[in-house]
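These are the structures, in structure tokens.
There are two complexes below, and they share chain A, which is joined by chain B in the first and by chain C in the second.
Now for the complex of A and B:
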């Protein structure tokens, strides 16, 4: 089967006065139609940058240095400005982290949800209104018709994130990117938003990339996971395989750091902090914080070792001597 | 529930600002006064009891009385009528030149701030050059070159006045440009033009409106200043500056000749400033 999204050897560098920051350094993955992929990692691991590259929305000093991004048969890195605009919002929708600041404060919510339809000339104004109303109802906004006339500041954080989801889905995209959609919300709302994403996935059948630093959010939603660290992929596999049988030391320590209300356990923080990506550690980038470090870890970058069906881990521990 | 909902609808960004603006009595008073002044100015030809250039040799230097409400000047012209015509000139120059300034300033500032890079550099260096000239001197030179008259005053004042507006708009554009909703709009396929006019401009309207209102008195003052040294509107068309300059020699004998135009000028400038201050306070108080 042809993948919807095929990223190969993606390298995204930021050119800063103090040096070149390698935010994403050689990332490859595939996403199939209807699949939900979770990308998990600490802040600064390059997970957001990797998906912003799909929309070519990098800041001015960020550049995609090498690699290819094929979406639905199109090479995104070769698209013209107009073709890119056609892609954004229409084929790929994105939900950002902070719903409080992602809506234009001076335009009514209804207008904002309608606009992508009009920008992409998908339907008439009247039809856009109807579709926006329907979509707002679908994402769980009560009295959508009345609330469409209101301004963003009249909405709570959770409601705004629902609006953002409606906005991202209004053109029925083939791919929805959710970039830490719950990070700035209350814990109770977080679960609601994930549940909403799940039901939207069921309703529209699009592929989803969920970016998060919270492994717990991925359990019931993601089919497959990618664990990222310092711009590299550390481990990838089916969600249940990774959660029940983590192979990479980094994944293990991530799981040790997740609180579990049912089991009384001590939370183990990962020692140290994420390394500078301007001058990253040699060999495996996790080696300075890893408790299993061997000599080879300092010298050579580990390849992805096959652990199981569809389960790979980039750690020298798996090398069969 | 239903009722509560109805009440909340329509409390837009601008409705909020208006609500805060209304609380400031001085600002509301200023706004009412501004409206009255603008209307008086526009209707001057119909409201003035005498033509501005009609001389009454039998009644030169008459203090205010029932026939001449604000007295007459050295040629026996009705000062009240001349005040109204001056107001008309001030309003036309004030609003007209400010409109030019706003148009040029917003266009340049928005373009420079939004596109950045070389475009920003070129436009802002032009702004720096204009800023570095003593603008009053430049105004005088321009009027001298272009000849006296409405149009040259417009051009002279606009040519030097837009730099400040451009800087303000550029700064505001830069700060709004980096906000998340602009990125979000781009991610849902908005073009540059749409982002500029639908996402950035409406969000910086507050400071722009404040700048417009606080700039109008300055423009009026400039016009009076130019008239004072004989470079404003062409006599016998009156202007406050011209009337003040004619009255200074008479101040000790006929103080009303000076007090009337000076008083009008002060009142007009103050009312515009009060509106500007009210706007500033209403705009800076965020939700």
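Now for the complex of A and C:
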């Protein structure tokens, strides 16, 4: 089967006065139609940068220095500005962490949800109004017709995130990217939003990339996971395989270090802190914090080793003698 | 048992005026914290948990109720009379970067504690600063560095060093992990646990992260819209939650084990300017009956040390 999204050897660097920051350094993955992929990592792992690259929304000092991003047969890195605009919002929708700063404060919510349809010339104004109303109802906004006349500040955080989801889905995109969509929300509202994303996935069948720092959030939603650390992929596989049988020392330590409401355990902290990506550690970027470090870890970047079906881990421990 | 209680609040109230309206931030909250134990205070944003943090160490003054510290009513003490108590209670805030003065070296920031309370000679203070930095896992030679030279986790260690400098007994931790990366959070949790064991500290640990609260606390108080809705020993609260809000809250927390059946909490917290009549949770409650819209439920003890403010749950005893 042809993947919907195929990323190969992506490298994204930021040019800062202090030096070159290697935010994503050689990332490859595929996403198939209808699949939900979770990209998990801490701040600075490159998880957000890797998806902003798909939409070519990097800040001015960020550059894709190598690699390829093929989306639905098109090489995104070769698209013109006009072609990119056709893609954004229509074929790929995105939901960001903070809905307040993603919505325009001086335009009514109704107009904002209608905008992608009108901008991409997909229908008449009347039809756009009807479709926006229907979509707002679908994402769980009570009295959609009345609330379309209101402004974002009149909505609560959770309701704003529902508006963002309606906006991202209004053109029926093939891919929905959700970048930490629940991080600024309370836990009961987080559960509502994840439930909504799941039901929207069922309704429209699009592929989804969920970006999160919270491994537990992926359990009931994501088919497959990518664990990132300091710009590199550490491990990838089916969600249940990674959670029940983690292979990479980073994934294992993350599971040991984070308290879980259902698991009674002694916490084992990961020593040290996240490295600078301007001068990243040599070899495996996790080696200074890893408890299994060998000589080769300091010298060579580990490739992805096959652990099991569809389960790969970038760690020298898996190398067979 | 009573004498083991270090901190106790009784019918605590705090209102903030916002234009002509009154925000009911804390409404009639009572609980005890035993010496050497940790009380976890949980609830969603805006429920009043940080206001309690500030009230309990008198950073702000209550509009009603009492705060008892080690048997003494400190609610209305003057600043001067309060000073000996200030030494005994400390707070660690969420964002370490903004709670450390960027223009002072780390050594000066910690030494300030001794200077304010006139303790020790300059040499002694210098020695204590080094010991404190070492105790929280930092290189003592870094005392002449400025806060911005440290990572977030290290900055939080500095805040903790400052909080234990005066051998305080009681430390309020107000979301101390929220600004930190997940791989660093466990380091700070461990440090807080070790210090508690070593120094016999009593914590009020405020967090929206129930997994962390479960890990650290002995007792847990659940707040909703300025009120305490449930209060129990940790095991009782997690094994046998009684308030419908607690039940849905616990069910909303994701786990790597997955959740068999998630309960969905409909709607969102109401506005504290205009709280609903009767039980604050009634507009969202799945079990609501007539009385819930009319009468505010009292916090009743339904079994040993397990308190709940719910007309239905408390009648179940």
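Heads up, the rule we're going with is that the second predicted complex is superposed on the first by the 321 of 321 C-alpha atoms of A that agree within 3 Å, B and C clash if a C-alpha of one lies under 4 Å from a C-alpha of the other, contacts with A are read in each partner's own complex, and residues count from 1 in each chain.
In this text, a contact is a pair of C-beta atoms (placed from the backbone, for glycine too) under 8 Å apart; a residue touches a chain by one contact, two chains touch by 3 or more.
Keep in mind that what you see is a predicted model, and the values were worked out from it rather than measured.
K.L.:
Consider chain A as the common anchor and indicate whether chain B and chain C clash or fit when overlaid.
P.N.:
fit
K.L.:
Check the residue A:110 against both partner chains and state whether it touches chain B (first), chain C (second), both, or neither.
P.N.:
Neither partner.
K.L.:
Does the superposition put A:275 against chain B (first), chain C (second), both, or neither?
P.N.:
A:275 sits against neither chain B nor chain C.
K.L.:
Contacts for A:181 in the overlay, against chain B (first) and chain C (second): which applies, first, second, both or neither?
P.N.:
Neither chain B nor chain C is touched by A:181.
K.L.:
For the combined three-chain view, what is the angle at the C-alpha centre of chain A formed with the C-alpha centres of chain B and chain C, to the nearest 10°?
P.N.:
Nearest-10 rounding gives 80 degrees.
K.L.:
Looking at A:96, would you say it contacts chain B, chain C, both, or neither? Reply first, second, both or neither.
P.N.:
first
K.L.:
Using the superposition on chain A described above, determine whether A:143 touches chain B (first), chain C (second), both, or neither.
P.N.:
First partner only, chain B.
K.L.:
Between chain B (first) and chain C (second), which, if any, makes contact with A:246: first, second, both or neither?
P.N.:
After superposing on A, A:246 lies clear of both chain B and chain C.
K.L.:
Report, in whole Å, the shortest distance between any C-alpha atom of chain B and any C-alpha atom of chain C after the two complexes are superposed.
P.N.:
Once the two complexes are overlaid, chain B and chain C approach no closer than 12 Å between C-alpha atoms.
K.L.:
Taking the two structures together, which residues of chain A meet both chain B and chain C?
P.N.:
Correct list for chain A: none, the interfaces share no residue.
K.L.:
Okay, in this complex, where on chain B does chain A touch?
P.N.:
Going by the criterion above, the answer is residues 5-6, 8-13, 116, 179-181, 183-191, 194, 198-199, 202-203, 205, 287.
K.L.:
Residue numbers of chain A touching chain C in their complex, please.
P.N.:
That would be residues 42-43, 156, 158-159, 186-192, 194-195, 213-217, 219-220, 243, 253-255, 257-263, 267-271, 273-274, 289 of chain A.
K.L.:
For a test of understanding, state which residues of chain A touch chain B in their complex under the given definition.
P.N.:
55, 57, 60, 85-90, 93-94, 96, 98, 101-108, 115-116, 119-120, 143, 146, 149-151, 153-154, 164, 167-168
K.L.:
For the complex, which residues does chain C have touching chain A?
P.N.:
Residues of chain C touching chain A: 44-45, 151-154, 181-187, 189-190, 208-212, 214-215, 238, 248-259, 262, 264-265, 268.
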